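I am attaching a structure below and will ask some questions about it afterwards.
Residue numbering begins at 1 within each chain, and the chains themselves are lettered A, B, C, D, E and F in the order written.
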Amino acid sequence: MRKVVISLGGSILVKGEDDEAYIRELVEGLASVSDDVRFIIVTGGGKLARDHISIGRRVGLDEATLDSMGILATRMNAWLIIGAFKCVDVYPRPFTSLEEAIIGASAKKFTIGGGTHPGHTTDAVSALIAEMWRADLFINLTAVDGAYTADPKKDTDAERIPEMTSKELVELVSGTVRGAGSHSVMDPLAASVIHRAGIRTMILDGRDISNLLSCISGERTHGTVIAPGE
Amino acid sequence: MRKVVISLGGSILVKGEDDEAYIRELVEGLASVSDDVRFIIVTGGGKLARDHISIGRRVGLDEATLDSMGILATRMNAWLIIGAFKCVDVYPRPFTSLEEAIIGASAKKFTIGGGTHPGHTTDAVSALIAEMWRADLFINLTAVDGAYTADPKKDTDAERIPEMTSKELVELVSGTVRGAGSHSVMDPLAASVIHRAGIRTMILDGRDISNLLSCISGERTHGTVIAPGE
Amino acid sequence: MRKVVISLGGSILVKGEDDEAYIRELVEGLASVSDDVRFIIVTGGGKLARDHISIGRRVGLDEATLDSMGILATRMNAWLIIGAFKCVDVYPRPFTSLEEAIIGASAKKFTIGGGTHPGHTTDAVSALIAEMWRADLFINLTAVDGAYTADPKKDTDAERIPEMTSKELVELVSGTVRGAGSHSVMDPLAASVIHRAGIRTMILDGRDISNLLSCISGERTHGTVIAPGE
Amino acid sequence: MRKVVISLGGSILVKGEDDEAYIRELVEGLASVSDDVRFIIVTGGGKLARDHISIGRRVGLDEATLDSMGILATRMNAWLIIGAFKCVDVYPRPFTSLEEAIIGASAKKFTIGGGTHPGHTTDAVSALIAEMWRADLFINLTAVDGAYTADPKKDTDAERIPEMTSKELVELVSGTVRGAGSHSVMDPLAASVIHRAGIRTMILDGRDISNLLSCISGERTHGTVIAPGE
Amino acid sequence: MRKVVISLGGSILVKGEDDEAYIRELVEGLASVSDDVRFIIVTGGGKLARDHISIGRRVGLDEATLDSMGILATRMNAWLIIGAFKCVDVYPRPFTSLEEAIIGASAKKFTIGGGTHPGHTTDAVSALIAEMWRADLFINLTAVDGAYTADPKKDTDAERIPEMTSKELVELVSGTVRGAGSHSVMDPLAASVIHRAGIRTMILDGRDISNLLSCISGERTHGTVIAPGE
Amino acid sequence: MRKVVISLGGSILVKGEDDEAYIRELVEGLASVSDDVRFIIVTGGGKLARDHISIGRRVGLDEATLDSMGILATRMNAWLIIGAFKCVDVYPRPFTSLEEAIIGASAKKFTIGGGTHPGHTTDAVSALIAEMWRADLFINLTAVDGAYTADPKKDTDAERIPEMTSKELVELVSGTVRGAGSHSVMDPLAASVIHRAGIRTMILDGRDISNLLSCISGERTHGTVIAPGE
């Protein structure tokens, strides 16, 4: 049995366009993967979280409370994916702790949840689950097609890094500022957990499902692969 | 000590315009009420819930799962109000059961939560809490300024009913179709609970806060008042 | 795998006579069904609940509190059935939420519980579980042998309805008064959930176990069958 | 503030006769006690538990499962008392752990619950709560008017013991056989906890409420008083 | 499928010497047992618990609170064993109730936890689980190689009892004084549960793993065997 | 009412020497503070956690599982402090979430707990609570008497920094390596939360209780004070 953890960015999941088509395609694609692969999927909050956090911040909510609110948004997104499986080989509620994710995955091919505690991103949750579960593969689905030498939206010279070590990933993401809803290719805590746990990792474009399926089956075509090590 | 339960429609709370100003005004208004009034506030899901439910329904989620998702939206709205009180005399998390609401209200002036179980609207949750807590007053804040003889959006002859009995309310709302996110002046289960429990009830325009405060203090000016009885 | 939800009326389960023999026969009968059928069984409160609710109502308890008390009675009945399986292929405690029922059913042939929230009958709980679980069959076991054109205890002209649509069921049961411990062939919320979810349904005499087993295996002999549709 | 724990035998609470009058009198009596006394009340299962346990034992349930079922009966009885207080200065649900009892008692004059774990009688639960809460007084309400030198129902020479030490109580009750629903003046674990914790204890006739109130206020008239010590 | 419950004394598990080697050997040994044996393992608190309880008692903590603290020590030991299985066929967190133990064991070969409630030793928890689970074998791993006619540490004439009945075990252990951290060959409640449930039982030297494995496979070599009966 | 959060390093709490005297002095000191100060105290794991984590790491446990084990050690330390208050104005169990800490503090002068989630130090938990609770003062009790320009154990030129800004604190602690049981003057996440939330902070020698009490009352004598700001 192979164990795969997917961190599914909320911004990928619900963009306000094609959501229905994307979710159907994702769920059908994953369902088609061989049954000896088990998945734990961690959904982010995306637009849903950001909009509400934005109102909350203006009303004067503190960041830890905004995180608590954002966690509920990640679970709403988890329900969307759970429901899309129509009760076939899916753990029937969003997990709310690391251990519940692993318990779910011992009975079902698909187990899905979101954030678990204020102060942790869903990337960090994904990485901690991958460590406890001793996952074979960690996949970070984002809005870009891999890790870049710089932010590709701001710097036209930015180049995608096809391969790197987990140590290099830790160095790449260090210095990122924490804050509910902030972005980067991966949360620093997630990167350091992946590094210490020695988990093979991929950063992929979350909207390219055929590429995702190829990467899961081992015939990778596009993205960034992070190998454990210095 | 007077006990007041407020069912705060999600569509009132987050309209996508003036949200910040409205929430601040609401919270400041309620904070100004005499400390011998205690409040349990039940927030609806509103646009946040409806948008996500709409995606979910298109993806093929069943209604009970959509309800589970919608409950999280109501709790996100509850966090907005909780946070706006800035940790002053407020129970510090959304309650998730009838009893937790009442426990919260035994220590704090304000206790806030949303839905508690699939198949129940937040109106029904509010009414069940009001019954168990033996509330003195139940206030339903909606997008219109009271119960009407017909739907005022569709029928220009519709007239606001200034006063009615709880039995009449039950009759008015019977026949309403159930379904996640559907609307009416009050959920039929809520109406029947109010009637059997004999709780004084008001239906008010949720955006008119000075009117709300007047109604709480007893100098009512505008809306529908429901007196217990046949 | 076929999925069957059974709403087992408490009045069927514990009548104060033959209880031991009935429970043994029921459990042995269900255990003999093919292992590719999975069951979620929802037990009612019956006499146990009614007696205590009756004392409580005289002492002045409100209806929502009486419901909370009654839910415990339904779980005592669930323990009776769970224990009767003697730890063989049964989820080992009464579920307390819709999702826990479905989690149990993913590991075990039999999962049993009672009420989950004040304001919902065990019929309604059964129907919501059937919807979320996407059950193939919903069986309502009652004290009569099907739905009748009128109450057969009061009206000698009442005739059993052998077949009807879910829409017709909704119409038949509408107008029933809510109240802890009140009776009818099926709770209106349960009927409307069954209708919206399109679940094949049977109303059977709960004491006729050989008929029950025939109905499960498809060679139905006696009762009312409700087909999804208008 | 004085802290009083009452172990209220289920057989006292629900006898099938005068229940309504007894519960009203008990609740009104306790409500009339000075507000600087706080109560934690632990309700037994009584007839309700025994009847169901008896069916369960005949169906073949093991004793630990019967205990789990009996705990629900104790909580149904707890709901009866909670509800009778009509939401006035009462913790609004049956506690389910020792700590929850103490949390409840920090906010409310009355906190009520039943059993907490298979293998413990409600006497034992009461004594453990009394120890953790550092109660001033432990009252065991039973069907007889104190501890006797022998079983007064069987031995006409049995004499009530007006005063004894906690060490003597431990010796009196040692040798009692354990088993769901079995009886004696006090469970041996309860007696040993009372002894080690040094808690003043009374064994009183549970149906004599005026005597109970006198004992609480210190003007004791009738029963057995156990003083901490050898 | 055979069901085995092991009560693993904390003093066996962590002695402050060879801990790593012992835990590895234990886990590897149990993993080598045929997959049609399922294990529920209950870990004691041992030195970890005793040291902290000792500080706590000097600071003035009551015994029930010390028990609550000791339960956490038993769960720390449970985590040690869980972690040593490296996420292979193990329930991924310490169970915290009897039923959770049984739920875990329905999905996994190994399910591990510690204490569940103040006032119960881990022996008692083990026995209650064995009863509810209808275990085939209960193994008590201790610091001595069986039950003796007297305490072998104090009395050089003490002889190991190779075989006895459960009734004889109950008599042997009766009279033991209760108190957090106190010792004897088996807790009296555990003995009485084993006796009433009729579970075959062994008392073995916990450090002799090859003997343990022989006993599990039925080729017993050394220890005390307790046969159900008078 | 002033709100004070204390992060009480486990290494301060249980050193294996004078523990009893220290805990008594600490508890008596804090009890003597004016009742209009409310405390939430977060206990670390200290030697208890480190010893067990050390065994676990040698047996091959992953870091996230070691964290889960360490959290239980922090709660054992919390029980020590809770018990030392002897049920006087203390929340009677270790909190297990940020919100439970705040709920406890709304009813009691002292609320105590430890870690809440793998991947967070108890410093981080303390800071998140301080933010949500809108604490007036955050005190970090450590084994040294403040923040130094370098590690005072390794560098004799290290100088204590009497005053600094929260921005300077963030810079001082950045770059610290994460890992269960690792040390520094404050966890980087804690520092960044303090900075963003603008909470006045002190780093003090945890064994100097009279200094601690002076700092709480405002007549500070010794340590490092961190003022919110750049």
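Before moving on, here are some points about what is shown:
The rule is short, and it goes like this: a contact is a pair of C-beta atoms (placed from the backbone, for glycine too) under 8 Å apart; a residue touches a chain by one contact, two chains touch by 3 or more.
Quantities reported herein were computed from a predicted structural model and do not represent experimental measurements.
Common neighbours of subunit B and subunit F under the contact definition above: A, D.
Of all residue numbers seen at the subunit C-subunit D contact, over half occur in both copies; the interface is built from largely matching residues.
Looking across B-F, E-F or A-B, the pair that copies the A-E interface, with over half of its contact pairs the same by residue number, is B-F. Subunit B and subunit D have centres, each the mean of its CA atoms, that are 41 Å apart. If each chain is reduced to the centroid of its CA atoms, subunit A and subunit F end up 32 Å from each other.
Residues of subunit C in contact with at least two other chains: 62, 65, 68, 86, 93, 99, 107, 132, 134. Viewed as a network of touching protein chains, the structure does not reduce to a path, ring, star or complete graph.
By the document's touch criterion, interfaces exist between A-B, A-C, A-E, A-F, B-C, B-D, B-F, C-D, C-E, D-E, D-F, E-F.
Put simply, subunit E touches subunit D in their complex at residues 62-65, 68, 98-99, 116-120, 124, 128, 131-132, 134, 178-179, 189, 192-193, 196-197. Of all residues in subunit B, those touching subunit F in their complex are 86-87, 91-93, 107-108. Here subunit D touches subunit F in the complex through residues 99, 102-103, 106-107, 132-134, going by the rule given at the top. Listing the residues of subunit F that touch subunit E in their complex gives 14, 19-20, 23-24, 48, 52, 55-56, 58-62, 65-66, 68-69, 72-73, 75-76, 79-80, 82-84, 86, 93.
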